[in-house]
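Next, two complexes with subunit A in common: one pairs it with subunit B, the other with subunit C.
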Partner chain A sequence: MAYQGFSIKRWLTTTDHKDIGILYIVTSIYFIIVGGSLAELVRIQLAVPSNSLLVPATYEQTVTLHGLIMILWFLSPLGVGLANYFVPKQIGAKDMSFPRLNAMSYWLYLFSGVLLLSTLFLPGGGAGTGWTLYAPLNTSLYSPQPGVTLAALAFAMLAVSVTISSINFITTILRARAKGVTWRRLPAFTWSILMTNILMLFAFPPIAAALVLLTTDRVLGTVFFSSFEGGSILWAQLFWFFGHPEVYIVALPALGIMAEVLVTFAQRPLFGKTLFVIELSAVTALSIGVWIHHMFMTGIGFDVREAFSLTTLAISVPFEGLVLNLVLTLRKGTIKLTTPMLYALGGIFFVILGGITGVFQGFIVLDYLFHGSYWVVGHFHYVMVGTAIFGLVAALYYWFPKITNKMYNEKRGKILFFISFIGFNILYFPYFFLADMPRRIESYAANPQWWPFNLTATIGALIFGPALLLTFANLIQGYRKGKGAEANPWGARETEWTGNFTGAAQAEEGVAADSQKEVSRMEENSPVEKSRFTYLPVTISVGAAVFLTGFVLFWPVAVMGLGVILAAIIQWFKDDVRDKYAVVKEAIGENWPFNSVSKEKVGVWIFLVSEVVLFGSLLTAYIYVRLRSPVWPAAAQVHNITIGTTNTLILLTSSLAMILALQAIRSGSLRGLKSGLIGAFTLGTAFLAVKLGVEWPLEIANGFVISGGLAPSSYFTLMGVHALHVGVGLAGMTYLIAKAFSGRFTAQSHTSVELLGLYWAFVDIVWLILFPLFYLV
Partner chain B sequence: MNRIFVYVLVWAVMVAGTLLQVVIFNSSATANLKNLGVVAIAVAEILLAATFYLNLRYEPKILALFPILAILAVVVFITAATLAVGM
Partner chain C sequence: MSQQALPPSAVDWNNFFNLTSYIGLIAAALVIGLMVYWAINNRYRKGRPVTAWQGLGRAPAREAVTFAAISTILLFGLAVGSYRLNTYLQYPPPISESLVIDVTAFQWAFSFHYPNNVTTLDECRIPTGQPIIFNVTSSDVMHNFGLPDFKVKIDAIPGRYNILWITAPTMPDNSTMTYQIRCYELCGVGHTYMIASLIAMPPSEFNQWLNSQTSSMNMTGGS
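On to the complex of A and B.
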């Protein structure tokens, strides 16, 4: 570590996974304080049947911001922060697979949050739609204020951050495990993070797609969500396809942590570890297929709802199974009731209650009663606050000595746990008596019978909130004044504490010491990175925030932001050409089944998965609106098929040139590489020129304009997103061409050519879908 | 040399496929039949592109699972959404 002590420069430029983990943790705690204060405002407003603290519009914005911040800017990022710190430690990797991208994820996350908060200060304020941003309330007609557009873009920026970090985590877990960390021996927490990130990879591109469409609706005049042809259902589909997995994204890391904590403090191995992993995987797989249970009241076909009622019941089996595994771990254990253990046990208690209430809602008949009521609010606060927050606080205490080398005040920790636990129940249990009180109302003067429950809840909030705040204070105090802690004060056996990845410890002490030595020797011998510090991730993220703000408010500012981003990206490429950030080579470890594939390539493949999901969502939206529309213009009337066909041939040929370039450098021909790249680049440019310079002007001249209904809406949006991808590919090719002309590729070293080739093939394939769908069918 | 030949061949097949799609589209077959033909060729072309451009033969098989999983998820979603619209 080049920096000792506190240094602003270090924190702005670090790419070290531990540093970034800490940044994530601290930032997410900042966001819970903001989101929690909003919640206290809401509870105070509802303490009496009619209150003038918050006028309706303010109340709605408060509730909306509260929900968005808590779920997306606090709960999951705190999990990501802990994972950043401990996944590499658990699997014996020196760092994440892509450290600079890791820093970038963090900065994008931070500045997306800043953007979200800043919407409050815009004229008209932020979104007042509820965290689900339901259509058509989210359209310009009902929410004209620019804050809603900016909030949507902030959310999209977060989606980019999450996607980058999930690619990073999955690659790291697949490719960077130390010798001995086989799949069988992968720790429970790392398993839960792997599953969480797989879910993120599938869940965030759809919401990004939805937000792109919402933005084009609000800014460019498309009509996806304002149309009467099912616009609001389209939003609900896309949102909940993201939204349901998101609740498991929040829950799984907490369950993984509970497993670690219970194992340590019950001094028993995790009950049925294999089963636990199977259940985790089942929950992950099934959670992609239950989202309609959020739409039981929307009047979609009964058969569909019935099917999703069944999947919802199905997912509760592995989910409750996970909980059962945790509970059974306690059996015959010698239980040490430390603070983290208390929080883990509390979390289990809440997940049982919350899970049961969820099953109730899974029955359509019962959901008629519960939907949109405070019962639902009770359900998800039990799981989200109870399970997730208690689990995450357990982790903060549990790993505190590991992060800080200090010990927190145990007695205060325990007292605060009991206060929190009681406050929590006083706060949320009354909600189950309010199954007839609708959500998101700011007064209930006509229903005074709800008052006692609401008042109780408010009292609970005034206990729980401060207790949580004091909990963070307790941790900070421990960091500043705490006594020094031993290396492994809990006597934990997991790898992040023992540094023993081969599992020899359980058998013989001597072997363990040997493998310890081996680990440190490994570290000494591996080449050191030339630099671990870079300003580029933070610069790009600031540029992105400036760009988005300008895009909504004042376009010259957007141009500035774009300039900053481009300059930083060019610098990034320059650094790469000079190999400035040659990243540590990990010692050869366990990487079945990817033994022969570089981590870069694994990363690109995973990235392409997210791209498939992104385009899949956009295409779904297109097919959806097209099927719902009573009339749809015949392709031949609006599009020139000759132009479309020509462009298809151009792009196909460009792909051929690209693959020939790759083939050339594989056999060592730099000349072949250069001509192939230049060919691919020229053809790609021609494609864009034809599309944007010839075809669009023609269509627009014929009256086919983006704001002219669903058909042009979907055509221009999908084509635009594809064209953007072509542009990115071309930018990448310029980099390759520059590098080729400086003679830096050889038969042995040309990974980036192969990677861009993959991406270019993907862009080609997308076009192979777009062409028939828009020009022919 | 033969790898290059294969690439060019695949490219030629895809070009032919594209042209065939246009021909089918301009033919006098029924709308359903046309759509079926166009979509079938598109699927074939995508598979071709995926197998050859992405060089699947040189990766461990499991890598191929990722995109297939992704495509499956998308198909499930599209089907469900279509069903939801239909009913």
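On to the complex of A and C.
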């Protein structure tokens, strides 16, 4: 490892991608142990037709937490952890593009998980709604316990973490590739991570939007999910627009890893690498358009269902193409069946069965039986546990010598593989015989014919669970007692092992293996500059957790949390003004087609994409409930169009001032910058003051209150989210003004002004869409 | 259940499932077989020559196109079959020929409302041989009205009416059959026990039963 010894301070403050990768990996393994224990409880409960181990409420909370933890706090974070460690290494970047944000992603992830687990200890317990949190069971009428609100907020906090990290990964891969790492030569794993993060960017804002609406429902009395016009269908649409891509978010990194492992241990290049990348892209693109297959039984239109049945079948073509590429790589290979190779082959076995059962469900006729049953549970455990976990374990073994410089015990690894593989099939194959057994039931006394299959599954669980635990034990044992490993014990040819980014040595067999070993060793031991340690990411994340807990349980605590966050952000700005942090140098080599755009700008553009998706989701929800409502109050009756228009002008003028400020500094005028910024700030503040101080009180006085139906629900929620964005913009301006007054902007160096200018323009455009939709129609 | 006594929806389902399974299993066996064969046969042994790394010049366009074509044809062929069966399930026979029953799911039971205002709880009696149209809704959270023996189900959603229709087969000996009705959507702590029965009886017996019920709130539990 890069650092010798253990120090709490280092782990709390590190921004190094390898450290953060390790933190992600270790934390996600902690979560699988928690989530796996919950699963064992479920299986033991179901070993016999009726069992008194878990009472119904506890049982439902157990399956809910199990699902949430495994998918969101274990599977995808483990992929992110491996990506954190190895994507920069594969592309020859010194670090991620934004190391401090990278640390913040991790800490937000960790503390969101802590919040989620803590819901179990609240009065009434956590959510008992299933990981899909279906409406209206998720509303306070049917799930009054505060644990549900906190779980929703923990989920939203995770969405923020994921969004930040996907911006970081995409920017890094676009901008920080070393010389020689062209798109053509980008390693398969990095490709899979790029696609995963693109999906995250599109999938997580909608769920964040849904969770915002759920929270306002539960806390402020809006009626999005308790009304008929919104309700079950609105939730299901938003959830599955996120949920389906999420399953590919879980699967793609595993497929990328399998490609790496197969190539290394078959000693062959990946069969049809270009094709592989095309298929990966096709799966990514199509997976945004299949979500309705989770809603085949909701009674939505026949044609809609048929269309989504076809897209679902269509996605299986490139998906199975990926699998074939992997299998065909073996054809002329010389195969070494090491532990990681066995896991990769096992993962392929599972993805074939899981994919085919998925296709079955894609046929609506068949789904009439499968939906809501253990067949579906069987399908997705084959892909999620089989493909994803086996793929990720393959990665842990494969990269183990690279991370630890030690070797694990190969023999134990192989034995545990066979036990896991067999245990897995005993556990999940019986589910395909339970296509009539409903999911999420805690007893089946009325259907004793299900008993043999359930008992078999439980026996499988008692084999597979411990085998997985021992697998982690084997890795820990290898770390503590293992023999030293060579730098490239597998003779792998990918860049993270060879450090050879231009591919020069690949033409000749076995060239310069020794010198390559030196390179990677030296790189491992290079110390990281002091200036890259910071307490701020962890502080902000703790603050966020305290804020959310307080928000749900006890308001004064929320204020405390908010204080911590603000103080930390101010400190962050101060550090920046003083240039305290060493900025990771930008690459070095390949960044086509973004050669002339700074990484900050790329980052902000990607961020704005996620913002567009967020507002798009909120607006879609608004338009949806509005179109479905038989009556809707006329705009002119509830809103004061004069105030609205005035405010529009104020915000537009503020944008103008911002543009003037930007032009001024481009031509070097610090004075022009200052006055422009102050103008923009003043006008922005005026906008908020009018909105919150004049307009809202007037409307509320007229009886237009947030809990008064869908019209005020959507108005106050969307306007509130927009106002929050205005507030963030104003905070940013405060920073710019402070920096401008200390004279730190010049014609050459004023990136942050450019970035805020972009953001401010975006906030303006959103207003220009909201305004007519609320005030004019 | 004897073979001739399967409801039409289940017969269709079984046929389509079997067809899909044959194709799916053959495809799976082929790919898994190849994988295992190569993994074992090409295993590294002393003296086995390593194929040159650079050996793969040609882009595998032909394989890719062949594979895509075959799987597209198979999948979309099956999709046509699925479409036809799905159309059958989607559009019930005319109301004049059918019995329409309003189903309301709630935490944690089903109530059934007949055209003559008879209402029953957790027990739905129907005549065999006649199309039955269920008009399904929920009065609280989302549930699912599932008839596993008929291989069909539909969500019960507050504020929405979803249609599901079936025909119960006539038994060879004209006997009465009891099928299970279950909720397939997690709906709270009573989800497990949200079970009702569907009792399919010969039409004459059914009419007798229906007429014997007073149309006022008659909430029979078990009989």
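As a convention for this text, the second predicted complex is superposed on the first by the 746 of 777 C-alpha atoms of A that agree within 3 Å, B and C clash if a C-alpha of one lies under 4 Å from a C-alpha of the other, contacts with A are read in each partner's own complex, and residues count from 1 in each chain.
The rule is short, and it goes like this: a residue touches a chain if its C-beta (ideal position, glycine included) is under 8 Å from a C-beta of that chain, and two chains touch if they have at least 3 such contacts.
If you're wondering where the values come from, they're calculated on a predicted model, not measured in any experiment.
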Looking at A:K336 after the superposition, I want to know if it touches subunit B, subunit C, both of them or none. Which is it: first, second, both, neither? second
Which holds for A:A723: it touches subunit B only (first), subunit C only (second), both, or neither? neither
In this superposed model, does subunit C or subunit B come into contact with more residues of subunit A? C
Between subunit B (first) and subunit C (second), which does A:L768 come into contact with in this model arrangement: first, second, both, or neither? first
Is A:W605 in contact with subunit B, with subunit C, with both, or with neither (first, second, both, neither)? first
First, second, both or neither for A:V777, with subunit B first and subunit C second: first
Quick one: classify A:V694 as touching subunit B (first), subunit C (second), both or neither. neither
Please indicate which partner A:I419 is in contact with in the superposed arrangement: first for subunit B, second for subunit C, both, or neither. neither
Go through the superposed model and pick first if A:Q237 touches only subunit B, second if only subunit C, both, or neither. first
State which residues of subunit A lie in both footprints, the one left by subunit B and the one left by subunit C. 233, 302
Seen from subunit A, its contact residues with subunit C in the complex are 56-57, 60, 128-130, 134-137, 142, 227-229, 231-233, 266-269, 271-272, 274-275, 297-299, 302, 305-306, 309-310, 313, 316-317, 320-321, 323-324, 327-328, 330-337, 345, 348-349, 352-353, 356-357, 359-360, 363-366, 368-369, 371-373, 435-436, 438-443, 446-447, 493, 506-507, 509
Subunit B residues touching subunit A in their complex are 3-4, 7-8, 11, 14-15, 18-19, 21-22, 25, 34-35, 38-39, 41-42, 45-46, 49-50, 52-54, 59-60, 62-63, 66-67, 69-71, 73-74, 76-78, 80-87
Interface with subunit B, subunit A side, in the complex: residues 202, 230, 233, 237, 241, 288-289, 292, 300-304, 593-597, 602, 605-606, 608-609, 612-613, 616-617, 619-620, 623-624, 627-628, 641, 645, 648-649, 652-653, 655-656, 659-660, 663, 757-758, 761, 764-765, 768-769, 771-772, 776-777
Where on subunit C is subunit A touching in the complex? 9, 12-13, 16-17, 20, 24, 27-28, 31-32, 34-35, 38-39, 42-44, 48-51, 53-56, 59-61, 63-64, 67-68, 71-72, 75-76, 78-79, 82-83, 85-87, 89-90, 107, 140-142, 144, 146, 148-149, 151-155, 157-160, 162-163, 180, 182-192, 195
